[in-house]
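Which chain is which? They are A, B, C, D and E, in the order written, and residues in each are numbered from 1.
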Amino acid sequence: MNSEQASSAENPAPLSKTQRQVAASLGRRHRQEKLFKSIGLTAVIISLILVAILFINIFAKGVPAFWQSAITLDIYFDPEIIQISEKPVQQPDETENAFRQRYLEWQTEVGMVNFNRLILDGLYKVIPEASERQFRRDAARIVTSGERYALRDMVIENPAIIGQTKTVHLLTDANIDVWLKGNIDRDLPDSQQQLSPKVREWVATLSEQGIIENRFSFALFMNPDSRSSLASAGLAGAFMGSLYMMLVVIFLAVPMGVAAAIYLEEFAPKNKLTDLVEVNINNLAAVPSIVFGLLGASVFIGWFNLPMSAPVVGGLVLSLMTLPTVIIATRSTLKAIPPSIRQAALGLGASKMQAIFHHVLPLAVPGILTGAIIGVAQALGETAPLLLIGMKSFVAQIPSGPFEQSTALPVQIYLWQGNELRNFFEARTSAAIIVLLALMLSLNALAIWLRKKYEKRW
Amino acid sequence: MTAIETNSSGKVKMTARDVRVFYGDNEAIHGVDLDVIENEVIAFIGPSGCGKSTFLRCLNRMNDTIDICRVTGSIKMDGRDIYDPSLDVVQLRAQVGMVFQKPNPFPKSIYENIAYGPRLHGLASRKSELDDVVESSLRRAGLWNEVKDRLDQPGTGLSGGQQQRLCIARSIAVSPDVILMDEPCSALDPIATSIIEELIDELKQNFTIVIVTHNMQQAARVSDRTAFFHLGDLIEIGATNEVFTNPKNKRTEDYITGRYG
Amino acid sequence: NRDTVQVAGSSTVLPFASIAAEEFGNNFAQFRTPVVGSGGSSGGLRQFCQGVGTNTIDIANSSRQIRPAEVAACKENGVNEIIEVKIGYDGIVFASRIDAGIFKLKPEHVFLAQAAQVPQNGKMVANPYTNWQQIDKSLPDQAILLAIPGSNHGTREVYEEKVIIDGCKTFAEVQAMPKAEQNNFCLAMRTDGSVIEIAGDYTETLARLQAQKNALGVFGLSFYEANRDRIKVATVSGVEPTVDNIIAGTYPVSRPLFFYVKGEHIGVIPGLKEFAEYFVSDAASGFGSPLEAAGLIPLDDDERAKILADIRAKKSL
Amino acid sequence: MSNFSLIVLLLALMAIGYQLGMVRSRKVAAVNLQQKMHSRPHHYGMMVGLWAVIPAFFILVLWTLLSPGVINSMVAAQLPAEALAAEGMNADVIMRRISNLAANFGVVAEAEQWELAAAAYMQQLKSSSALLLTGLIAAIAGAGLFFSYKRIKPQLRARHQIERTIKAVLVICSTIAILTTIGIVLSMVGETIKFFTFVPPADFFFGTTWNPRFSTTGVSEGSLTGSQGSFGLLPLLSGTMLVAAIALLVAIPLGLMVAIYLAEYAPAKFRATAKPIIEVLAGIPTIVYGFFALVTVGPFLADLGASIGLTIRATSALTAGVVMGIMIIPFISSLSDDIITQVPKALRDASLGLGATKSETVRKVVLPAALPGIVGAVLLAASRAIGETMIVVLAAGNSPALTANPFEAVSTVTVTIVNQLTGDNDFASPQSLVAFALGLTLFVITLLLNVVALVIVRKYREQYE
Amino acid sequence: MTAIETNSSGKVKMTARDVRVFYGDNEAIHGVDLDVIENEVIAFIGPSGCGKSTFLRCLNRMNDTIDICRVTGSIKMDGRDIYDPSLDVVQLRAQVGMVFQKPNPFPKSIYENIAYGPRLHGLASRKSELDDVVESSLRRAGLWNEVKDRLDQPGTGLSGGQQQRLCIARSIAVSPDVILMDEPCSALDPIATSIIEELIDELKQNFTIVIVTHNMQQAARVSDRTAFFHLGDLIEIGATNEVFTNPKNKRTEDYITGRYG
């Protein structure tokens, strides 16, 4: 600016009157420009900082939850304790039903075995003191209760294991994990501690010996939720549930929304009725999400007899909820596409449908994808509508298909959030959120990539 | 007001009777009667804003795409009313091609711009055939040499005149019966213009051409008949040499001799 | 066609029902683990009463007894066999941050802290108290900030019934009022921000306490037990909230928890009856059971036996 | 055959029909040289394929919907009456037992003989139904294929048929949105009317206090009988508006400026990374925002207020609004960014060529041209703000007070809906039914707001070219 | 290759030295040296796609807006390098106005289209002043009579030629020192063209005008000097009558006489 004035001084190009007026206004306008641009940059930076803050918030809390303390024990599968009959095999003349019956009986028999004793025996080898009568109760608390089922499943899987000794890593009780991670002040008096003094003493020695150590928690990813054995609760069920739901949303809401938007923007006659439809769709976006749950419960479960707590229903409900987002996003972009493109195609003898599908839609792809990205992100994090279709549930199984009962990641987050154990309402929820964000980003990755590819300025 | 030339030789391709066009409440064309004869080149001339493009767009119903635009009267092609609801406008537009006043290439590659129409109508079954169509169309529009090395680059990155020729090439690639050209040479230099004029001469053998131009010389050179529009009225229509040498109407004369205004 | 028991309802019962379901699934290989949904007692019962069929739930958890209007609504939709099962009790405690003062509460203290108007010298005046010390010298010197359960919570009912109303009626001025007005007077709350209604979980209450040092919150007993290092409990009328005290009936603020079984589904949904029986069995919810460890206050053995018999007999409301 | 394999079969038929139609249309074209085919070969192919599949598909759907009822009633008619009477059981329950037996599912040990017989009968009916369906489908699909194949002539407007089909699909898709609305209204009207039998509408719409007691209707022994509390809508409504307004005040400027910066100023690489990152904001579960507001933002704002002499509650409309505003930034920024990018370059050039600065161009040319789309984005964000729950529950203090002071705690309609619907209230009581009334009211109000928005947009719309 | 005319009378307004323009890797202008003299009308002619528009856009740095476009060499105005980073392009563009080849009215009312520039630069302080500017600009572009009753209707609803005149009116409304006109009369009929040519004659008194045209007659009529471009090179530049009557270069001669191609 200064140099310019200098140079115009040395080179007295007489400016016309209007050009002087222009020059006079420039200082102000450039300040405006700078201000505007820096406001824009600030806005972007603020947004990015917000993302960063939230991420730091989540990661700082959540990452430790990916590691959990586990104890390494040699378990002797004592035939004395495990007294079971032969594993049944299906006879050629046996019906499916009868065999299942027989197999169930055998499973029940295995289930009767006190696998806890195997664990305790293993424990006594590393803490001999624990075998004393007065400490047995304390010893039983060290390994989380769900692990006995892990041993049971090992036996059911392969009965030949009986009589052998195996080295296994067993998750310790959730409170031990809390204590070892230092989330509870070790100096507090006994009355405020969750663990008895004896257990604390043992755990301290064991972790010094490396028998108890922090291991990457595969259980968090492999197990379904658990309530009675908090340490072995995992996200697998919720993850699959969310995944199925999102697949339904992606394959239903997105195409349907785009189709509806195309009709409304390109084909529908412009009259009061379509105005009403437009207003109505905008309005649908403002309907509280729980209301979609009400609707879904009565329509999909009540009328169509779809199963309760199933990801399909969740997906359908979330699709209805996402639909307006996709429609509005698509319409907005369709509106912004210059009519000359349509005319060029029509003039060549393309039908309206062809003009739209060949020329307009490809140009609208980025906007459509943005709608899909935001819609899916929103649907993935939503819980309220799932409440009424039974998906805000405790489900101790991993769904094997979209028609199986399951829960969803945000639901899991809510449930863990309300758990009284701090491992849950602090670390694990954050870990679950990390998993949710990872799922969201991977679901959207393709869309983000495609969008970038289709973005072209002309 | 309208001057219809009745004793025209040749078969009538399109007839327009009492065509009126309204933009909202504004009447842009006030009852035009006009015949387009097969295999002729007919030129529309007239001052800017007199309704040439508007009338031209009526002939392949491109006006349908303008919300506020309404057309009355009858326009027939080969005896069929083209505004008949049962008529397939898509087929109509495939038969009656159009080059728009403002070049509007697709935001796609040059090749795709040309290949779009033939692909749409299945005019080429193999890639090589399509390549041929693309090449010959570009050649005929006099653009081939300039773009042959950059067929995969966007059509929107061409110069103004190149875009215009691209649009011409694009529309002849589908070989329509009738071609409507709205000032097809407005952005072209004399040489390119002469190529297009040659093209028009050549096309005339098989097709019917309606051309809007504000270039009197061009109208005189290429057209068989000329129609003069003024303020939404068709003032005069006749054999081109007649109109130019011996206009019946005072306003035509004034316009042609440049005395008007 | 469904082969899983579907449960929904109260979020207070949810953890207990979840544990019961999980243990049930682990112990009965022939049945699948029941699915336990939340959605509040109201939401659960609403779904429960929607009708009979595989697309309705089998069991509704509730932190209160079913209401006659709800039973009527159920019957209207063809749900006639409603089997009520009491599973135990839930204790409710007042707790403050570990680094805050020690509270020895009496119901009237809480009333005086939250009421819109308080009786003073025979007259009703707008609540003047801002510090607990102003209410009673024995209380800590800290600003009044009460985090109570929201009006949609079942806990709220117990809280109002057992603490506020009781505390309120100790005042002669109140007793002098016409009966019809007493409740309205007692329950009117100050709106100056000293009372926060918590609509969410106890973790939310805990978060409030973390954000505001002075806050005194209402928690479930088991939640408090698991977080003893952060919050400390207040005695009510001098009684410490412990399981024993609650069973003995000396600690005033506790409530029973229920679930309701749809009789029509027994025999159709595999495992429904077995689950209901297992839930109230001594192994699952008696003393020393996993549910007790999770904070449920068990029934005594006589009551348990009676309830078990009711289930077997499909005794419905 | 199962429905799934039937669908696979139909898809296969469609592919075959497509091929046949193509081949045939080519042949027809070769014979009728003087007449041009109306449509392209693949149009004819697609038409044949659609004719083969669509009628058959309708039959499949109808059959699947109706056949269970028919079979059930047939089985029911066969049941021995005396057995029914003896059992004294609900007919529904018996039917379910029988169908469980028939499906070989669940271990129904103590099945009666007649039950087993009925189950066998049902199995038989089912298998013959499946057979019949397969036959029917095959016949109809074959007929559709054959007749449409025969119809291929130059004059046949195959493309029209296809486009009409596609258009029908498009129409159906847009009807879904309408049906959803109707469903929503229907699912709320009944209960709303019930609510108004407890509480007079005037008290609801014009009441200024919201303080429903815990549901107490019909409590027999409780001492709280009679007082159901007050159900004034206004505090909730004002809370909703306040929070949504604050959220939009945060999100619109931020979002728009982000959009403008990304679309107009930012280098392509930066934009390509920043945009998806910012979009993450829309995907973080709202409970995270809630706790973020409660634990971080609230105290921060309170301290900030204190330092400049304002009393801001830690949980206030401001806290909730600000955090919600953060959440909806991407709704505005990403969508607007796409729309701004669509504005043709010629318009920018025109403005720049006149000596406008970039920001002037953006403000005076680009934004007005992009306005309809941007308004769409803003409406979407506003809708989200109005419909959001979790943040408000935690951050706004959940205290329904009629106030316009953003520093005070408030509550909103949606929060209340969720609370009342999922709480421990008696579901037949006004405390719970009020959720429906609130939902419907909110629906109507947002509808009106949308109408206003539409009118405004229409007025300022600029159509380019 | 370049032919620079050194002994031009008058003060030099703009100088271009060795200007090269690249679109991506493609060199569209190959080192052009050229002076624009104050208060002259200089015409650029040449076949379509030879780089006239590209060079024109260099003069007010509109090429900056094309991502792939790169300019080297030096262009000075009043002695100052206009590509100097410290130079204010906004001021440059206000000083060097431009009428684009494709009419690009804003999707605003006709009035707003014209008023945009003056408002931007604060050239009219009162509404009535602005009204005057709008009216006089439209009048000078010969559009006033056609649009005076519909000033509040969108500029995009005008005919092709009307849009072109609107764009001319819009650019003269801010009275730039130099006006770059890229085929300003391409969509205009002879009468409208003559109005614009008169306008150019009038503007020449105070301003400098660079006009791209493919109409030789027009170049001959309005310009003082003519530059002939060919395939990105400046082949010849000189006084218009000189270039047209006595071209130095064979290619120029061929082009002008229409023998080229």
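Rule of thumb we're sticking to: a residue touches a chain if its C-beta (ideal position, glycine included) is under 8 Å from a C-beta of that chain, and two chains touch if they have at least 3 such contacts.
In this text, all values refer to a predicted model and were calculated from it rather than measured experimentally.
Trainee: Give me the chains shared as neighbours by subunit C and subunit D.
Mentor: A
Trainee: Need the graph distance between subunit C and subunit E over the touch network, please.
Mentor: 2
Trainee: Would you identify the chain whose Cα-based centre sits farthest away from the centre of subunit B?
Mentor: Using the mean of the C-alpha atoms as each chain's centre, the farthest one from subunit B is C.
Trainee: Indicate, using Cα centroids, the chain positioned nearest the centre of all protein chains shown.
Mentor: D
Trainee: Between B-D and A-D, which chain pair is linked by more C-beta pairs in contact?
Mentor: Per the contact counts, A-D leads.
Trainee: As a test of understanding: of all chains, whose mean C-alpha position lies farthest from that of subunit D?
Mentor: E
Trainee: How many angstrom lie between the centres of subunit B and subunit C, each centre taken as the mean Cα position?
Mentor: Chain centroid spacing, subunit B to subunit C, equals 82 Å.
Trainee: What whole-number Å value describes the gap between the mean CA coordinates of subunit A and subunit E?
Mentor: Comparing mean C-alpha positions, subunit E is 59 Å from subunit A.
Trainee: When the centre of a chain is set as the mean of its C-alpha atoms, what distance in Å lies between subunit A and subunit C?
Mentor: 31
Trainee: Show the residues in subunit E shared as contacts by 2 or more other chains, in ascending order.
Mentor: 90-91, 94-95, 102, 121, 174, 176
Trainee: For subunit D, which residues are shared contacts with two or more other chains?
Mentor: Residues 107, 159, 345, 355, 357, 360, 421-422, 463-465 of subunit D touch two or more partner chains.
Trainee: Which residues belonging to subunit C are in contact with no fewer than two other chains?
Mentor: In subunit C, the residues touching two or more other chains are 30, 38-39, 43, 54, 200.
Trainee: Can you work out from the touch definition every pair of chains that touches here?
Mentor: Touching chain pairs, listed by label, are A-B, A-C, A-D, A-E, B-D, B-E, C-D, D-E.
Trainee: In their complex, what parts of subunit B are in touch with subunit A?
Mentor: Per the touch definition, subunit B meets subunit A at residues 60, 62, 65, 67, 90-91, 93-95, 97-98, 100, 102, 104-107, 116-117, 120-121, 154, 156, 167, 170-171, 174, 176.
Trainee: Which residues of subunit D touch subunit E once you look at their complex with the stated criterion?
Mentor: 345-357, 360, 364-365, 368-369, 462-465
Trainee: Note which residues of subunit A are touching subunit C in the complex, please.
Mentor: Listed in rising order, the residues of subunit A that touch subunit C are 104, 107-108, 111, 145, 149, 184-185, 188, 191-194, 226-229, 297, 301-302, 305-309, 387-388, 390-397, 405, 415, 417-422, 425.
Trainee: Going by the contact rule set out above, which residues of subunit D touch subunit B in the complex?
Mentor: Interface residues on the subunit D side: 38, 40-41, 157, 159-160.
Trainee: Tell me, which parts of subunit A touch subunit E in their complex?
Mentor: Touching subunit E: residues 1, 3-4, 7-8, 11, 13, 15-16, 18-19, 21-26, 29-30, 33, 457 of subunit A.
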